[in-house]
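The letters A, B, C, D, E and F name the chains in turn, as written, and every chain counts its residues from 1.
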Amino acid sequence: MSEVEEFRSFRSKMNEKVLAADNKVLKRIFSLDTLAFKEGTLDEKTKEIIGLTTSLVLRCDDCVKYHLEKCKEVGFTNDQIIEGMSIANLIGGTIVIPHLRRAMAYLEALDEHETEV
Amino acid sequence: MSEVEEFRSFRSKMNEKVLAADNKVLKRIFSLDTLAFKEGTLDEKTKEIIGLTTSLVLRCDDCVKYHLEKCKEVGFTNDQIIEGMSIANLIGGTIVIPHLRRAMAYLEALDEHETEV
Amino acid sequence: MSEVEEFRSFRSKMNEKVLAADNKVLKRIFSLDTLAFKEGTLDEKTKEIIGLTTSLVLRCDDCVKYHLEKCKEVGFTNDQIIEGMSIANLIGGTIVIPHLRRAMAYLEALDEHETEV
Amino acid sequence: MSEVEEFRSFRSKMNEKVLAADNKVLKRIFSLDTLAFKEGTLDEKTKEIIGLTTSLVLRCDDCVKYHLEKCKEVGFTNDQIIEGMSIANLIGGTIVIPHLRRAMAYLEALDEHETEV
Amino acid sequence: MSEVEEFRSFRSKMNEKVLAADNKVLKRIFSLDTLAFKEGTLDEKTKEIIGLTTSLVLRCDDCVKYHLEKCKEVGFTNDQIIEGMSIANLIGGTIVIPHLRRAMAYLEALDEHETEV
Amino acid sequence: MSEVEEFRSFRSKMNEKVLAADNKVLKRIFSLDTLAFKEGTLDEKTKEIIGLTTSLVLRCDDCVKYHLEKCKEVGFTNDQIIEGMSIANLIGGTIVIPHLRRAMAYLEALDEHETEV
């Protein structure tokens, strides 16, 4: 299984289990997550790049992976994504670099995955 | 002195002192900060909202104040700014709320400051 | 105005303004906050001490102040509160100490405030 | 080797090596860790749920695994553990979700491990 | 009262109250803090600059103030202190800059305080 | 491939890709990283132990691995490295322990790697 498939499959399997636990707070956090990224006074693209860059400064690899996918879906080019990540790197410092390296590898994995499908 | 003036005056006074210390690394970090927010493959507005939201999830009040000013300068409305901050609040959690409260107060102070000038 | 009154008054004034901004995501985060601390399979006391200690390791002074009040309200003694904070201090490290100092001062301010009222 | 055994074995092997390094500060931190979680004015259960939730907001997977085990040992049900984690998730934000997914998977691994033994 | 005196007086007053609370864990953390910075295989100067820079990347203003004092006491020049802080700034990112500004102001306040005494 | 080789190979492969992306901000952050650790008013050894300990309190395993290598290169003994890490552990709290365990394992892997080469 490719890195992309592995990430997606663990993520969706465990999300289901979280929701199955039937905890109201967790359920509402999950549904809020959907609501927050819908077009509002800010368009979807702006929101997705916010999702990516805040995830990167907070150094959450899985969140970065998820938002890399979303950023590509809403139409950002790799150059734009990398430019967004460069701001996150400056704000978050060199401590972010290992996460950037993994983000670059995942961006590549996403591109390969596209080609194969 | 208003909150806005106090913030700006301490910030610019101390920035000068940092630069006067003549440390190459600090000087380059400061000039990188200017470079990073210039229009590139992403436009200035997108970059500024990234600056604001990453600052908010990292819970840096002064960084938030600075980027609130910049966001208004590049043309975001208060509603758009608040919508951006709402995403940061969801991603960063309720621990961000006290910083949001101070951000809202500063946004108001900025509006009042504009009117007076 | 005492430290306690000042904190409460700024907090409630700005919470109102946040809610007045009429942003759905923020409104739901606020109402989730109420829901999460209601008695469930864990009792209210346990939830409040969780609120306090997580706020302390995340080094959010205002969140700590708020949860100190709540912890006293649900019946924790100062000794119990301090014991909870000692765990947070060990887990979060000596970087937490300045926040502990401010928490101790606020705990005292709360006791004085009670006596006066 | 199951996930549970792998975690425990690496943890205890490396803890021994840390202690063997014969550094006074590290040794005392380790012994403080034992002291802090002993029953005092707060009972052991309360302390363990504090250990779990502070670890979760600080997004430390290994600390979460360790405290999940302890929480089960002192008698928390899975529902109570999940309710505790839901508060941590709200306070720490959606950035905590990937850690929650891994915590849920480990909780399941612990249950399977129990059954096998 | 100068910024230096105010910081020192609040710090020592509250430290006393923390210790008076007679919590074993907190007492041991405090005494460990003294032990950790004593000369060992690393000399005191190296340890103090570690104290300063780790405090700065963790963005704890009070910890930074305390370690600025200690760094000067053990003989670091302002240039060396600023060079140490520049590394912390690069590693921790531009989010550290507001803390650097306050550190620079405190360094100045310390120098003025010396002159007066 | 040993842990040491795996780390180095992924690191250098991805660093190349980051630089190949030809983003000015990222390129300058990378070159600043080299500049910052060069001897100045502080010597190289002091700078490397700062690099290690700040990485550890920020809980970045890959940054720790990199600085462990550098600390050994500039002549620190394992005892000195561990003493530096003990300060980081006290400042950063027990949440740092899992990262310390991994650091100890990598220190051992580095020693084995040396012997083999």
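As a working rule, a contact is a pair of C-beta atoms (placed from the backbone, for glycine too) under 8 Å apart; a residue touches a chain by one contact, two chains touch by 3 or more.
The structure displayed is predicted, hence computed values, not measured ones.
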Intersection of contact sets, chain D vs chain E, gives A, B, C, F
Note the rotational component of the Cα superposition from chain A to chain D, reported as an angle of 0 to 180 degrees in steps of 5.
120
Comparing contact pairs by residue number, the option in D-E, A-E or C-D matching A-B for over half of them is C-D
Of A-C and B-D, the pair joined by more C-beta contact pairs is B-D
What chain is the most remote from chain E, judged by the mean position of CA atoms in each chain?
A
If more than half of the interface residue numbers appear on both sides, call it same; otherwise different. Which is it for chain A and chain F?
different
Between chain E and chain F, tell me the centre distance in angstrom, where each centre is the average of that chain's C-alpha atoms.
24
Approximately how many whole Å separate the CA-defined centres of chain C and chain E?
27
Find the geometric centre of each of chain C and chain F from their Cα atoms only, then give the gap between the two centres in Å, rounded to an integer.
37
Touching at least 2 other chains, the residues of chain A are 25, 29, 32-33, 36, 55, 57-58, 63, 79, 83, 86-87, 89-92, 94-95
Considering only which chains touch which, label the overall pattern as line, ring, star, complete or other.
complete
Residues of chain C touching chain E in their complex?
59, 78-79, 82-83, 86-87, 89-90, 94-95, 97-98, 100-102, 104-105, 108
For chain B, which residues are in contact with chain F within the complex?
24-25, 28-29, 32, 35-36
Sort out for me which residues of chain E touch chain A in the complex.
57, 89-96
Chain A touches which residues of chain B in the complex?
29, 32-33, 36-37, 40-42, 46-47, 49-51, 53-55, 57-58, 63, 77, 79-80, 83-84, 86-88, 90-92
Give every residue of chain D touching chain F within the complex, in rising order.
10-11, 14-15, 17-18, 21, 23, 25-26, 29, 33, 55, 58, 60-63
